[in-house]
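Two complexes are shown next, each including subunit A; its partner changes from subunit B in the first to subunit C in the second.
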Partner chain A sequence: MTTELLSANHAAAAAAALAGRANRVGRGFGGGVYPITPQSECMERLCDERFDKGQVVRVESEHSAMAVCIGFSIAGARAFTASSSNGLAYMTENVFTAAMSRLPIVMMAVNRSLGPPWNIWAEHGDTLMLRDAGWVQLYCEDNQEVLDSILTAFRLAEDRRVLLPVMVCQDAFILSHTMTPTDVPSQETVDAFLPPLDLPHRLSDRPRTVGALDGPRETEVPRAEMQRAMDDVPRVYAEVQGAFEATFGRRLADPVVPYRMDDAEIALVSIGTTAATVRAVVDEARARGVRVGGVRIRMFRPFPEDTLRQLLSRCTRVGVLDRDLAPGQGGIVWSEVRPAAPQGSIVQNYIVGLGGGDIRPKDVARILDDLCARERAGKPQFVEVG
Partner chain B sequence: MSANEPILGGMAQTAADRSTPLLRPGNSNCGGCGMSVGLQFLSRAIAGTPVQLVIPACCAAVAAGPFPTSGYGAPVFSSTFASAAAVATGLAHVARLNGEKTRVVCFVGDGGTYDIGMATVSAAAERDEDLLYVCYDNEIYGNTGGQRSSATPRGATTTTTPRGSELEKKDILAIMAAHRVPYVASISLAHPDDALRKLRFALDAKGFRFVHMLAPCPTGWKSEPADSIELIRLAVRSGLYAVYEVFEGSRVVINVEPEHSDAALERYLGMQGRFRKSGVELASVRAGVERSWRELRARSALGGPG
Partner chain C sequence: MASLEIRLHGRGGQGGVTCAKILAAVWAGLGKSVQTFGDYAGERSGAPVRAYTRVSDEPIDDRNKVYEPHHLLVLDPTLLGEHVLQGLRPGGTLLLNTEEPIEAFGDRFLRHRLAVVDATAIARRRKIGTRSVVIVNTTIAGAFVRAAGLPFEALEAAYRRLGFTGNLDAAREAWDAVAIREARDVDAKAPVFAPPATAPVLPLVAHVEGAPTGLRTGSWRSQTPRYVHALAPCSAFCPAGNDVIGFVQAVAEGGAQQASEVLARTTPLAGVCGRVCPAFCMEGCNRREHDGAVDVRALERWIADTAPIAPRAERASAAPRRFAIVGGGPAGLSAAFELARHGHEATVFDGERALGGVLRTGIPSYRLPRAALDREIEALLALGVKTSLGAFLDRDRVAALAREWDAVILATGLQRLRGVTERDDLPGVEQGIRFLHRVNMEGSVRVTGHVVVLGGGNTAMDCARVAVRAGASRVTVAYRRGREEMPAIRDEVAEAEQEGVVFELLRQPLGFEGDERVRGVVLAEVELGPPDASGRRSPVVTDRRSTLSCDHVLLALGQTADLRLLPEGWALREGRAFARDAPVNVFAAGDLATGDGTVAHAIGDGRRVARLAMRAVGPELAEVEELRRPDRARAVAATEIRFDHFPKSPPLGERHVPADVRVRGFDEVNLGVGDPAAAAHRCCSCGECTRCDSCLVYCPEGIIRREAGGYAIDLEYCKGCGICVTECPRAAITLKTPKEMHA
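So, the complex of A and B:
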């Protein structure tokens, strides 16, 4: 293991390269890559990596980037790509195809605002838009977590009980372009953590059509199988956490990361880097005697509703911070968290930090003040930052 | 029958083909489907050697039939509409990385090639991916009910050009040859010896190979199923469909010399309801054909003796 000064983009590429090389004893590694701000540094670094048994293909669009990954994966190779924002929107058709073909592709997604207005800064709507695509979704809070999550993602995706693609998400610029000291494991340890991929339905020399036409019954059965696979993900993830700790000597974050929630009556729920700011505000409020805690949802698919319900069971007030907006509905995280909150509790949605607006502790403190002062929940509230 | 037109000799339906066919008996394709005949040609060229097919949304994907049956005697991946050449890229690299002998073949209609897949095909050609791309061109979106594509010729009525298309057909062979790929060819379903030779060459060549076939669609062309091969013969004889090959984007070889027969062109147009309805004039079609041949001759001459 070495410690390197890496941006999260470079950390993701380093992890993908390690995972790719680990499959040199299998059927190799590859993927299609296409640039988009703020992901480009990831695919650039991947293009500079050397593989004994791998090929990175510089394609003409995100749509083809995922299609090339589908080709690599259905042929039994390990496949990776990265994208962001409008790139993900352009890729979407094949994002669904990858999951419905049960291909264990891993994608790093940098969360960026969808245009117009054209804005390259952090917003979560681009990957949340894909929450129903059949991918496992992990949202990261720091660079080390990005690297660790990429390695984890391959092991999770390739598990026979799962066989679903995994999306590792990180906030634009806040992580993607910020360099921090990052532990990069050796190839030998990654080799030990990631056994060669053995895809049961890979295209070989046997006549078989993958992705045939089907009637209703032959469509609902594989859909139900996807749901069962998603149901298995938390259990498999826990096993992977154990293996990860045994191999790399550090603990991988849980699907839901609580902070000072043990006796909390008030909870602030968020995803991504917002959680770090929430922690600072929780500490400050705790010092004043406010019984508040933070909840970071790391795994958004499958959605950890049971864990959330347990964590929030004693809460009377739940504030959900959304760096995204589904117009006509409100925050996407809020709309999913709401059923997990106790009956009778005040669950208020705060739309904050759209288009990369800098969410500072004072903004979250204002949100907390508003939540504490409420007699009932209102409509999703837009919070001005900065 | 002219001197350069071979006799078919039961090309599409011999016992040898039926024992290990690429397109299995009992598939759901329409009678007189040019694509189906093209698949039999491809089947004979492959002759039992390993291939992997990538077929996007098109009639050829429907021909695979519902799970768990498969209309194809080869492994197939059904890709999204625009993605055949990109998925095939992944498959071809994995085959190379693992030293496998399989050839990756895209089998795609005109919609998936000329229109929605154009960027994907162009990029795969530009990268010189090691795959064979076969475009069967029925000059419409056949699978969705016969709408106009950019392969639809001028004068053809379709469900979206009810009074006849006013636009010229896109010259896909010139576009692909301009990528300077190792091999680009058109094949005639009425000239099986020439077609087989070229398909065999294309299968065994390295790098990006593009083969185009004009594939009658009786349903969309409003023609008799039994006339499909005759229509191709007339298209070639009249000069409407040029049968040639281009090596490395420069050396152009014309494989069948047309008679530029007005009678053949008149019969070709007259045998199809799609032209009868629009009342397209022979003279205007002839003018387009002559322009295409002037350009092709010029490119052929520029290519030098090779």
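So, the complex of A and C:
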């Protein structure tokens, strides 16, 4: 293991390369890549890597990038790509194809606003738009978590009980371009953690058609299998956490990460890096005697409703911070968290930090004040930062 | 909370984000927790960029930008304003990259610890950056580390980890150079740098009113692109001082006539040089690094043959002076040319009955057909040059000329011939120069049997190849060093070999055998020792000897200047004669003065000395510019040429008559270039704009437009990104700092 001063983009690329090489005794590694800010650094670094078996292919669009991943994966190779924002929008057709084909592809997605107006900064709507594509989704909070999650994602995706693609998400610039000292494991330890991929339905010397026209039953049965595979993900994830800790000696974050929630009556729920700012505000409010806690949703698909229900069971007030907007509905996280909150509790939605607005402790403190003062929940509130 | 926060302001392309990373790496190396990130704005080079570094003893959990920095770095002084200073804590360090000395800031920033350094100048001097833009980050980091009170060793360690050790010296220079003024009045109320008012955001579906406000990106610019005429290496390498790139480009643009006019400004002898020059221009040609030099010599010859050089007087002198030139070789002719072009009377004295000197008496006609030489001499006479032929001058006559004429230029070349022993007068032994003179001036000279030529220069090659043509059954060249050390033009050596000449290398002649007539040459074997003053390995003569039997020996062992032409008590200093210590209006040009040994050198020196003479004869001629020897070091280097703009197309070279045909006579063997236009179009035009539009095409702002003869850049919008400079295939644009723009 070495400690390097890395951006989360470079950390992701380093993890993908390690995972790719770990499959050198299998069918190798590959992926299609296409640049888009703020992900380009990741693919640039990956393009500098050389693999004994397989290669990174520079293509002309995100749609093709995912198509190349699908090709590598169905041939039994470990496949990886990275994208963001409008690139993900363009890739979407094949994002669905990858999942419906049950291919254990891993994608690093940098969360960035969808334009217009053209905006390159953090917003979660791009990957949340893909929440129904059949991918496992993990949202990260720091650089080390990005690297660890890429390695984890391959193990999780390739588990026979899962065989679903995994998207590892991180906030634009706040993580993607921020450099912190990051532990990069050795190839040997990654080899130990990631056995060669043995894809059961990979192409072989017996020709067959992949993704052919099929009837209703041939469609609904595999869909139901996908749902069952998603149901298995939390259990498999827990096993992977154990293996990760045994191999790398550090704990991998849970699907839901509570902070000072044991006796909390008020909860602030968020995803991504907003959780760090929430923690600072929780500490400050706790010092004043406010019984508030933070909840970070790390795994958004499958959605950890049961865990959330348990965590929020004593809460009377739940504030959900969304760095995204589904116009006509409100925050996407809020709309999914709502059913998990206790009956009769106030569940208020705050739309904050769109387009990369810097969500500072004073902004979250204002949200907490608003939440504490409410008699009932209202429509989603837009919070201007700065 | 982080214990230390740093904010950095720069412009896209200056390396600000990497600078912040360097600072983080320094503290990480000191065992601190660090975090560093950029705040990317328009993602355009030149656009304002912020970067941040946090340092703490605890793990850093802060995901916000830095609003109240302890230290502030400003990489570009044009950014300095209240936006930039916003939030800087009283007592905090403000490090500025600026040309201004610290005193220039007067009582500004008194509540802050002010540090200033001219990192741009240091980085520029050390050539740190891209091919167009200076990058200051690794330099200014040295100043910062000092201002922050950290040991320089911490920066050294960080540069080792980051692979930046090549820039350590620049950082050290900035460390030494940074000026620091301590903060005063820290307890006083800090200056209020109010945040800028935020404009309300209009609804997207509102009616658009008025013209949109333009973003004047010109205000981002710290350096300005400028079209330049940079010195092309071919021109820099030409000893004759020809505008080589000018005549090659003239062929490409306008053909032979236009090119001939370019040449006629600097040389009367283009058709000669186009045949006999070693082509220093091609040695310097940057295209050698790509696919081979441009066929410049062949082009020069083609121009002179197609559109003969017709020199014109530049001006009619109001007070013509009379100059006597002694010697009608290339230096003398060139001096006469220069004087006549300036409207003066130039008379060339020569002992032969025709002008040309060694061009006529020495160089064989298969290399230089007499028609080509005569044509250029006639053109020179048409310019008004007068002659006095058929009588050699002695020192008394020279002294008389010095009295009677405004000035005298001596250009008699190298008249003293080296020999082997006192038996050089043995029948069958002859100086090569005399042999060539006989052949060239008397015609139909025959030799028989085995001819041995002693020497390795161009005279040796001429003697050997003439001997082949004059009937020798066998010709051997014996030379005391190796093939690499031969001073002869390489092509001449190769052509001699093709014609059957045999080379005996590493052989020192000691003497001759034979009583009545030479029967053989005694040669000692030579081993090569360490390099001598000329850089060539010096021969060490062994005692292993042999005799090469032969019928004729031609001596081509070198020539030196014969200064017996100078009156008693006179001496030459840098081309001018001094009678005792007083300068007289007698000058020396060409080989007599320099011994450089090529026609091209003689032409350049002839013109240079002609100008010296003009400036010396009268105060009214003082405005005649001195000619300087070309400075090769200033020439555009191959690394500055974007060869990816030039598809590979190797040179076609010169065409030659087959060896078995050419040895039958004295007809010209080199047929020159086959496709002159194609040869000229291979020229990269180093340092000279060809209006290729690369700058216009690549400018990300789209603000370069064609203008008469070139381009204009709209400086309202040019942000100084340097992409035009980077993309220019031929280094004809450079970036200038404001100071350089004023200069």
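Keep in mind that, in the parts below, the second predicted complex is superposed on the first by the 386 of 386 C-alpha atoms of A that agree within 3 Å, B and C clash if a C-alpha of one lies under 4 Å from a C-alpha of the other, contacts with A are read in each partner's own complex, and residues count from 1 in each chain.
Methods note: contacts are C-beta pairs under 8 Å (C-beta built on N, C-alpha and C of every residue); 3 or more make two chains touch, one makes a residue touch a chain.
None of the values given here were measured: they were computed from a predicted structure.
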Exercise. Figure out whether A:A77 sits in contact with subunit B (first) or subunit C (second), or with both, or with neither.
Key: first
Quiz item: Of the partners subunit B and subunit C, which touch A:A276 in the superposed model: first, second, both, neither?
Solution: second
Quiz item: Looking at the overlay, does A:H63 come into contact with subunit B only (first), subunit C only (second), both, or neither?
Solution: first
Quiz item: After superposition on the shared chain, which partner residues are touched by A:Q241: those of subunit B (first), subunit C (second), both, or neither?
Solution: neither
Quiz prompt | First, second, both or neither for A:H177, with subunit B first and subunit C second | solution = second
Practice problem: Classify the contacts of A:S335 with the two partner chains as first (subunit B alone), second (subunit C alone), both, or neither. | Solution: neither
Exercise. Would you check which partner chain A:R360 touches, where first means subunit B only, second means subunit C only, and both and neither mean what they say?
Key: second
Quiz item: More residues of subunit A are touched by which chain, subunit B or subunit C?
Solution: B
Quiz item: In their complex, what parts of subunit B are in touch with subunit A?
Solution: 50, 52, 54, 61-62, 64-67, 70-80, 82-83, 86-95, 97-98, 102, 119-120, 122-123, 127
Quiz item: For the complex, which residues does subunit A have touching subunit C?
Solution: 5, 37-38, 120, 173-174, 177-181, 273-274, 276-277, 279-280, 358-361, 386
Quiz prompt | List of subunit A residues in touch with subunit B within their complex | solution = 27-28, 30, 32, 53-55, 57-61, 63-64, 67-77, 79, 93-94, 97, 203-215, 218
Practice problem: Within their complex, state which residues of subunit C touch subunit A. | Solution: 17, 21, 24-25, 28, 33-40, 43, 60-65, 161, 198
